[in-house]
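There are structures below to look over.
In the two complexes that follow, subunit A is the common piece, with subunit B as its partner first and subunit C second.
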Partner chain A sequence: MRTLAVARGVAWRTLHNVFTNPSLFIPSLLFPLFFFTAFAGGLSRVQDVPGFDYAEGYTAFQFVFVLLQSAAFGGVFTGFGIARDFESGFARRLLLAAPNRSGIVLGYAVAALIRWFATAVILTAIALAVGMHVGGSGVDLVGLYSLAVIVNAAALLWAAGVAMRLRTMQAGPIMQMPVFLVLFFAPVYVPLSLLQGWIHAVAVVNPLTRVLEAARGFLAGSPTEVAAAFGAALALAAAFSIWAFRGLRKAEAAG
Partner chain B sequence: MGDYAIEATDLVRQFKNGPRAVDGIDLAVTPGEIYGFLGPNGAGKSTTVHMLTTLLPPTSGTARVAGYDVVTEGQHVRAAIGAALQEAALDPLLTGREHLRLQASLQALPRGVRNQRADELIARVGLTHAADRKVRGYSGGMKRRLDLAMALVHRPSVLFLDEPTTGLDIQSRTALWDEVARLAREDAVTVFLTTQYLEEADVLADRVGIIDHGHIVAEGTTDELKAQVGRPTVEAIPDDPDEAPRLAEILSRFGDPCGSTKGVGVRLRTGETDLADVVRALDAAGIEVANLQLHQPTLDDVFLAKTGRSLEGSDEEETEPARAELAAEPA
Partner chain C sequence: MSIFADQVFLLARRSVVRTIRQPANVVAPLLFPMLLLAVNSGGLKAETRLPGFPTSSFVAFALAVPFIQGALFATMNAGTDLARDIQTGFLSRLSLTPMRGVALLAGQLGGVVTMGVVQAAVYLSVGLAVGVRLESGLLGVLVLFGFAVLVALGFGALGAFAALRTGSGEAVQSLFPAFFVFLFLSSMNIPRNLIETTWFRDVATANPVSYLLECVRSLIIVGWDGEALALGFGIATAIAVVSLALASWALRVRMART
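On to the complex of A and B.
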């Protein structure tokens, strides 16, 4: 019960600050909307390239990527907040006030999820408004958004681990850059089959490729590699939860 | 809880490539006591508090707070204590009332009790008028008072206050002293108070521990500590400077000569009760004095006697170790 109480308190405070301060919320909302508009609009002729075989069209193809990207960056942006809390000393207050400190990480994770959910609702509404085709059933869409939730959690746990080890806002690029690279070394603009050379080789081994392909399959109503995608996403989340909780221990040891 | 609210044995904190900030201290603070931890900057006061509040693991030694081990039972320690640390780290985007509700939530207070407790504490620390304002507009004194209120949300049995009045004006300082004294007197809260102000320790503390370079160099009630240093002194300045030899001769009947910058001084043989006899003797001899003062030993005299330095004005000398302590990585 104490863990949940701590998590509730930390999540409330994080969300309160995000949703009452446009400077914190707007960038994390505009970022995916900009990518969606730029990619789906500016690159829409990619769907005419021979070999582009995604049935729902380029808008849906890009929507899935941007949805997962917003989930990942929703986690990273919350990680920035954790680093800010350590730098300002507020995290010390949380460490001191929370009988159960695991609840602090859980609270940040809940906040990251709700924060991303707000972005996802707006992004989805805009995608539907501009005519995105959805071939998948309700169950398929649950699969799509479930994958995004796991990506959000994995990214938050990664960023939290970095933030609690370095305890400074200067850790921002270290949180962001690997996530950025993993996202963009996946088949972002064209299907995997159209990638060539080293980028194809990297995309094949990139765990996010499995997640992206499966998510696009869910939206189209023809799920592929579902077990591999959930396995990869859950493995990342599990690994980064160990990373995050060890980061918490490091922060505790540093006082 | 056992016999002591706070108990530490041979507590050590060694920083990697840095000083041994706390070097084997022993503490035994009884429930309901106000314990003043006095020392200059960098002496190890805050490091001790951080260990006792589970913010920093000790390098060696043991400590129990509210009956729980700070290393193995940190969760229980945190549930039992309240703490207002040196830097009142508050969220500038939250109001005072929101801070208290957050603290209540972190301490798992029932939802129905949270608002009532927040209102009660806001009123007690005199922040009712500012409760719904964001704390970025608070003065230093208001932040300190809010910090104290947050530390009390869950009715802790042990309260740690790390230099609670540093930077406060006299009015805010006095108000905080009154509240701390009330907490110990009426609510039986054990208070562990670090300070570098002699007056604060003198006014508030039931017992005082003096720490220097990570060691406790003296401990006891303020009266006991002053008695260790010596008896009070009397200093007299004659109206006529030529009367100084006669004045010295008369005063010497009451004690041993001691230094005086302008007049004649003696350390009284039996204590301040001699003062009336001194006045009568001077009157009988017809010596007029321009100034007659009784000096009680101060905690600064105790610090001077134990360390060879004065506590007041020793900060600059201690600044470098303090910085090293902050910069050093944990071992």
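On to the complex of A and C.
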């Protein structure tokens, strides 16, 4: 109960900060919409490349990537807030006041999820409004959004671990850059089978590739590599939860 | 050396030294455009199989992007450094000396242009190292550097204008997403004639960044394309003239305030 009470308090405060401060909320909302516009609008001709076989079209193909990207960056942007809390001294007071400190990480994770949910609703509504085809059933879509939720949690736990170790806003690029690289070293623009050379080799071993391919399969109604995708996403979340909680211990030790 | 040239030299040297002393300001403009080039040239290589795509090498097609993206970083660096000068009171102290305002601007932009040339040399070297060959030859390399100087000057002056008007580094930094939008809504990843979505093609056609990209791209993959060069140099010159005029005006206003 103590954990949940702390988590609720931290989540409420984080969400209040985000939703009452346009400079925090608007970028995390606009960036996915912008990428969706630039990729789905500008590169739609890519679906004419021989071998491009995604039945639902290029808008749906890019929607899945941008949805997962928004989930990941929803976690990272919340990580920026954790770093800001440490820099301002608020997190130190929070560590003193919280009867169960694990609730702090849980609270930030809940906030990251709700924050991303707002973005996902708007992104989905816009994608449907511009005519995105959805071939998957309700169950498939639950699979798609479940993968995005796990990606959101994994990214938040990664960013929280960095923020709690470095405790400064200057750690922002360290939180952001690896996530950016993992996202863009997956098959962003074309299916994996059309990638060539070094990017194909990197994409094959990139765990996010499984997630992206499975998520695209869910949207098209032809799920593929589901077990591998959930396995990879859950493994990332589990590994980063250890990373985040060890970061919390380091922050406690730093005083 | 005349007093004016001496002032410009000293301030330009200060601008370059200050940039070099902040590794993030040197690494970011070199690393991020190269990273984006690597990601896009790998991921979009399949695009070269589209009928009408102008080259079989996507790296050659995409090599134009770092030149323009680097200029955006120049804008941010020039603006942020100048804003810091305003915030720390350096500009106020400078205004008490006999230094001419135009020397401050020229010095600041001299540093930006120097960094622009270094960036262009790195981008071109990376391109050559991965097998890109300029269709326009050695003379094209010289024209490319001239264009890089002009673009760095124009965007640098724009950053200086933003800094002088706002006096805030954060305000200058907030321009970056706006410039990023211009970059992504251009012919950055696909030739305009191959853009299928009508509204996107119209936006890209109206976007001046498309012509800056196409100017650099023409030197790399076409050779000597008079129209692309005229449009690119014309737009870059217009940006430079307008930005310099705005920055000079903003400097006069700022100096009057201090």
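Here, the second predicted complex is superposed on the first by the 255 of 255 C-alpha atoms of A that agree within 3 Å, B and C clash if a C-alpha of one lies under 4 Å from a C-alpha of the other, contacts with A are read in each partner's own complex, and residues count from 1 in each chain.
Convention: contacts are C-beta pairs under 8 Å (C-beta built on N, C-alpha and C of every residue); 3 or more make two chains touch, one makes a residue touch a chain.
Since we're looking at a predicted model, the values are computed, not measured.
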item: Touching partner for A:Tyr189 - first (subunit B), second (subunit C), both, neither; value: second
item: Which of subunit B and subunit C A:Gly255 touches, first, second, both or neither; value: first
item: Which of subunit B and subunit C A:Arg8 touches, first, second, both or neither; value: first
item: Which of subunit B and subunit C A:Phe34 touches, first, second, both or neither; value: second
item: Partner chain in contact with A:Val49 - subunit B first, subunit C second, else both or neither; value: second
item: Contacts of A:Ala98 with subunit B and subunit C, given as first, second, both or neither; value: first
item: Touching partner for A:Gly89 - first (subunit B), second (subunit C), both, neither; value: first
item: Of all residues in subunit A, those that touch subunit B in their complex; value: 1-2, 5-6, 8-10, 12-13, 16-17, 20-21, 88-90, 92-100, 252-255
item: Subunit B to subunit A touching residues, read off their complex; value: 50, 53-57, 75-76, 78-79, 83, 85, 87, 89-91, 93-94, 98, 102-103, 105-108, 150, 329-330
item: Subunit A to subunit C touching residues, read off their complex; value: 27, 30-31, 34-35, 37-38, 41-46, 48-52, 181, 184-185, 187-190, 194-200, 202
item: Interfacial residue positions of subunit C with respect to subunit A in the complex; value: 35, 38-40, 42-47, 49-50, 177, 181, 184-185, 189-190, 194-197, 199-200, 204
